[in-house]
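Consider the two complexes below, in which subunit A is the common component and subunit B and subunit C are the respective partners.
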Partner chain A sequence: MRHAVLDEWSRRSSPLHRRDARVKIAALLVFLVTVAITQANFALLGPLYLALVAAGFLWARLPLGGALGRATVVLPFSAVFAGAAALAGDPHRAVLLAAKSYLSAAAVLLLVATTPLPSLLRGFEGLGAPRFLLTVAQFLYRYLFVIWEEALEMRLAAASRGGAGRNRGARFQAAAGLLAVLFARSHARATDIHRAMLARGFNGRFELLEEPCLRAADALFLLPAAALPLALRLALGGAA
Partner chain B sequence: MSEPLIEVRNLRYRYPDGTPALEGVDFRLHAGETVALLGPNGSGKTTFVLHLNGLLRGEGSIRVCGLPLGPDTLSHARRKIGLVFQDADSQLFMPTVLEDVAFGPLNLGAGRTEARARALDALERVGMAAAAHRPPWHLSAGEKQRAAIAGILAMNPEILILDEPTTFLDPPGAAALVSLLRCLPQAKIVVTHDIGFAQAVAQRAVFFKKGTVAGEGMVPEIVNRFGWNGPPPERRGRP
Partner chain C sequence: MHIPDGFLSTPVWTAMNIAAAPAVGVMARRAQRGFDHERIPLLGVMGAFVFAAQMINFPVAVGASGHLLGGALLAYTLGPAAAAVTMTAILAIQALVFQDGGILALGANVVNMALLGVLVAWLPYRWWGAGRWRRPAIFLGAALSVMVSAAAAISQLLLSGIPMPEAILGVSLGVFAVSALLEGAITVAVAGALETMQPDLLRKPAGGSFAVGALAGGAVLLAVVGVLFASARPDGLERLAEDIGISEQASALVATPLADYEAAFFEGEWLRKAAAGITGLLLIFGACVAWGRFAARKRSA
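Coming up: the complex of A and B.
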């Protein structure tokens, strides 16, 4: 699966990987806002923002080409809005939309690729995100693999019985059936997980094994990481 | 003989749709013994063990380590009984193996330092210390099973229940599990269809049939009495 690669990247070691998740999230938020409010002189600022993100990937010792290539996953979604802007006679806005979406995706990817999911979720929790929401995200990520494997097995089983070779209507019917069974299996899985949690004394609250703590190096990282894009925007972007 | 660790009398349970699952089950487990629960699919073995720490509630009486099982003694029962589920994927839900193994001790009120120490010790005991910081979904089936057992051992239970633990294991994995279980001092209940595994780890077998205990005794005796040896050997000859 695509995110299995990100999971592997996030568990590598580099100075950027070692930074506290909270400062990385804060730096990302500053970057995203800065990109979003940049209008004038984007032809110059856009590549500079991209260079910052690329520098982050290189600092994290991650494959730059692979990382920037993965960020293009956002383009089909932004293309809808960019296309609408272009059809409305505003090609400049269309380009801005696509470019900003890509930059934002690349920056988010940098955060995800340098922060293991548990640390990332704890980082969000430390910044005040609701714990329940983060717990749901954690379970979703964990069991995505399991449900995906079950879906693949069911697809293979259907194909082995000729499910792929019939007409389109029959295939649609088979797919709908598979989906229903997948829901049922997911429900059974959820019941099992809940029982397993209760059996180990779960009382509705996730206790954490470690509390994250900020170090001086984290503060030293946050200062330039947040200041650089802002400084570029203020120096070269003119009035908003 | 000393008071049994688990004593079940006349346990009855119906599924929500009214189908009878257990119809008057009596059972005892004593300290230090390992009991295999055998029987066909749907005979009530898993449903029975889910009652022992209150995950399902039927009629009848259950005593765990001297206390009657009820709403007030649930946490006591869950502290005493460690239940390893058939599919370890259902049990391993935390982001790393270490955090998953520490999940139980933290819920039971252990401090972070103690929970970490207990988790590391349990992982060491099952030979999984090197995987402490790996995500559970990167483990093989045998490693997941070991991690799931570590998650239970970290809670220091007096009784271990394993529900079809060899289902996802290859023969070397099953053999490793046998070695591991033989080293653990806890009393154990093993739900299994694997007769070789049952004979290797259990002194006694209880045979379930249609929600009742149809017989109990030594494993070979029960296996022979109920014809539970598996299919007859294939006839050899020219194809």
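Coming up: the complex of A and C.
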């Protein structure tokens, strides 16, 4: 499954992996904003931005082709709107839409592929996001594939019971029943999990093995990482 | 519909992030109230359920199928605040891990699906979910939630100046209408099955006056249709804004502090559009608030 690869990538070791999550998030935000406000001279700036992201993947010693290929998941959605823009007689905007969404996705991927999710969410907490929300998100990710597998198994079981029958209304009802059972099971599972966690002393917060702390190397990373795309944009992107 | 980065213009994604951040904070506090951290596993696992629900296909027509989107079902089972937090967590994980929706655009996606979508689903259920209108209320809430999310997303894209020819706009609205009806049908079926199996999983609706519910629903519909119309054809509102002088004031307000840096960027076409759009939003919001006050006063009188 796709997630397993990302999890594995994010737990490797490289200078980029070792940087504090907060500075990586800050650098990503600067990059995303820079891409968002680039209009003119994109033919030159776009490839330069892409080169920056690619350099990041190489520095993190991650497979460049696999990573850049993975970022193409945004393209089907972008293609619809790019096509509409091209039809409306605005090919420049069509290219911008597709290229910007791809660049942004690749940059987010670089962050997620070099930061394990618990550290990443802790980084967002350090930047002011509500802890309750982030803990829910972490829980969601922890159980995502558990419930997913359960749904797959239930679907298989329903198919073996003859769920692919001819009557559409009956199949609709069967699918609804299946979801209701999945819902009730997930609900019951959540109760069990909560009891088990209470028994082990959960206090509403996930602990990291290492508390994050900012080092000089993090500052040294943030300066060029944030300044480079901005400088490119200011030097080559013109006023508009 | 998850908007990726690179689609929204700077004023739109900034405004949406500014709107979403405090709203999510309030929702998180409300969802936590009186529950300590007891609800964290529940919300997380139910978010995972919504993800996994995509695996279960519902037959629609020959060769076509759909799946549950889940915002409405979460609202009916967890309550609106917890549902909004769960949907926000889902959107965050989708944006981070699955590159489904952007990071800068997260605010917009949260406003569309986690805030508007969930609240709109909750309104009919809250007012009509108790009596004989229960099933229509569940259907209406789920259908509205999809329709309102989609209309809000399209409005934001239009406001960002993404060209959408009339034909494409019409087709996509049609597609969204079909998925809204499908979401309604699926949610009614799943809620019905849950009720026969374990009725305590669904929240008790507060009930109340039919008329207030109708007013609230009408206000929401008016707002969505109004915003969509306003962003598709900003000319009318723009003229209105120009007549009142808002457009000039707004451009003076925004342009002055940034004049030295990127004057050209902040001038011209899109600012007038954005000002017109935001003015329209404010007008509609004001109308809704006034309407709500009026309804509440009538009720207590």
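Simple rule for what comes next: the second predicted complex is superposed on the first by the 219 of 240 C-alpha atoms of A that agree within 3 Å, B and C clash if a C-alpha of one lies under 4 Å from a C-alpha of the other, contacts with A are read in each partner's own complex, and residues count from 1 in each chain.
In this text, a residue touches a chain if its C-beta (ideal position, glycine included) is under 8 Å from a C-beta of that chain, and two chains touch if they have at least 3 such contacts.
Model, not experiment: these values are computed from the prediction.
Of the two partner chains, subunit B and subunit C are each touched by A:Arg189. Legend: residue contacts after superposition of the two complexes on their common chain; A:Leu127 is shown touching neither subunit B nor subunit C. Judged by the touch definition given at the top, the superposed model places A:Leu223 against neither subunit B nor subunit C. Of the two partner chains placed by superposition, only subunit C is touched by A:Leu87; subunit B is not.
In the superposition on chain A, contact is made by A:Ala151 with subunit C only, not with subunit B.
Put subunit B and subunit C next to each other and count what each touches on subunit A; the higher total goes to C. In the superposed model, A:Glu207 lies in contact with subunit B only, and not with subunit C. Of the two partner chains, neither subunit B nor subunit C is touched by A:Ala51.
Applying the stated contact rule after C-alpha superposition, one finds that A:Ser101 touches subunit C and leaves subunit B untouched. With both structures placed on the common chain, the touch criterion links A:Phe77 to subunit C but leaves subunit B unconnected. Once the two complexes are overlaid on chain A, the subunit A residues touched by subunit B in the first and by subunit C in the second are 117, 138-139, 142-143, 146, 189, 193, 197, 202-203. Interface of subunit A with subunit C (complex): residues 2-3, 6, 28-29, 32-33, 35-37, 39, 70-71, 73-74, 77-78, 81, 84-85, 87-90, 93, 96-97, 99-105, 108-109, 111-112, 117, 120, 130, 132-133, 135-144, 146-148, 150-152, 154-155, 168, 171-173, 175-184, 186-187, 189-191, 193-194, 197, 202-204, 239-240. Contact residues of subunit A toward subunit B in the complex are 7, 116-118, 121, 138-139, 142-143, 145-146, 189, 192-193, 195-203, 207-211. Across the complex, subunit B meets subunit A through its residues 50, 53, 55, 75, 78-79, 81-83, 85, 87, 89-91, 93-96, 98-99, 102-104, 106-108, 112, 115-116, 119, 135-137, 151-152, 155.
Those residues of subunit C that touch subunit A in the shared complex are 2, 4-8, 10, 13, 24-25, 28-29, 31-32, 36-38, 40-49, 51-53, 55-59, 68, 73, 77, 85-86, 88-90, 92-93, 95-100, 102-104, 157, 162-165, 168, 185-186, 189-190, 192-194, 197-198, 201, 262-265.
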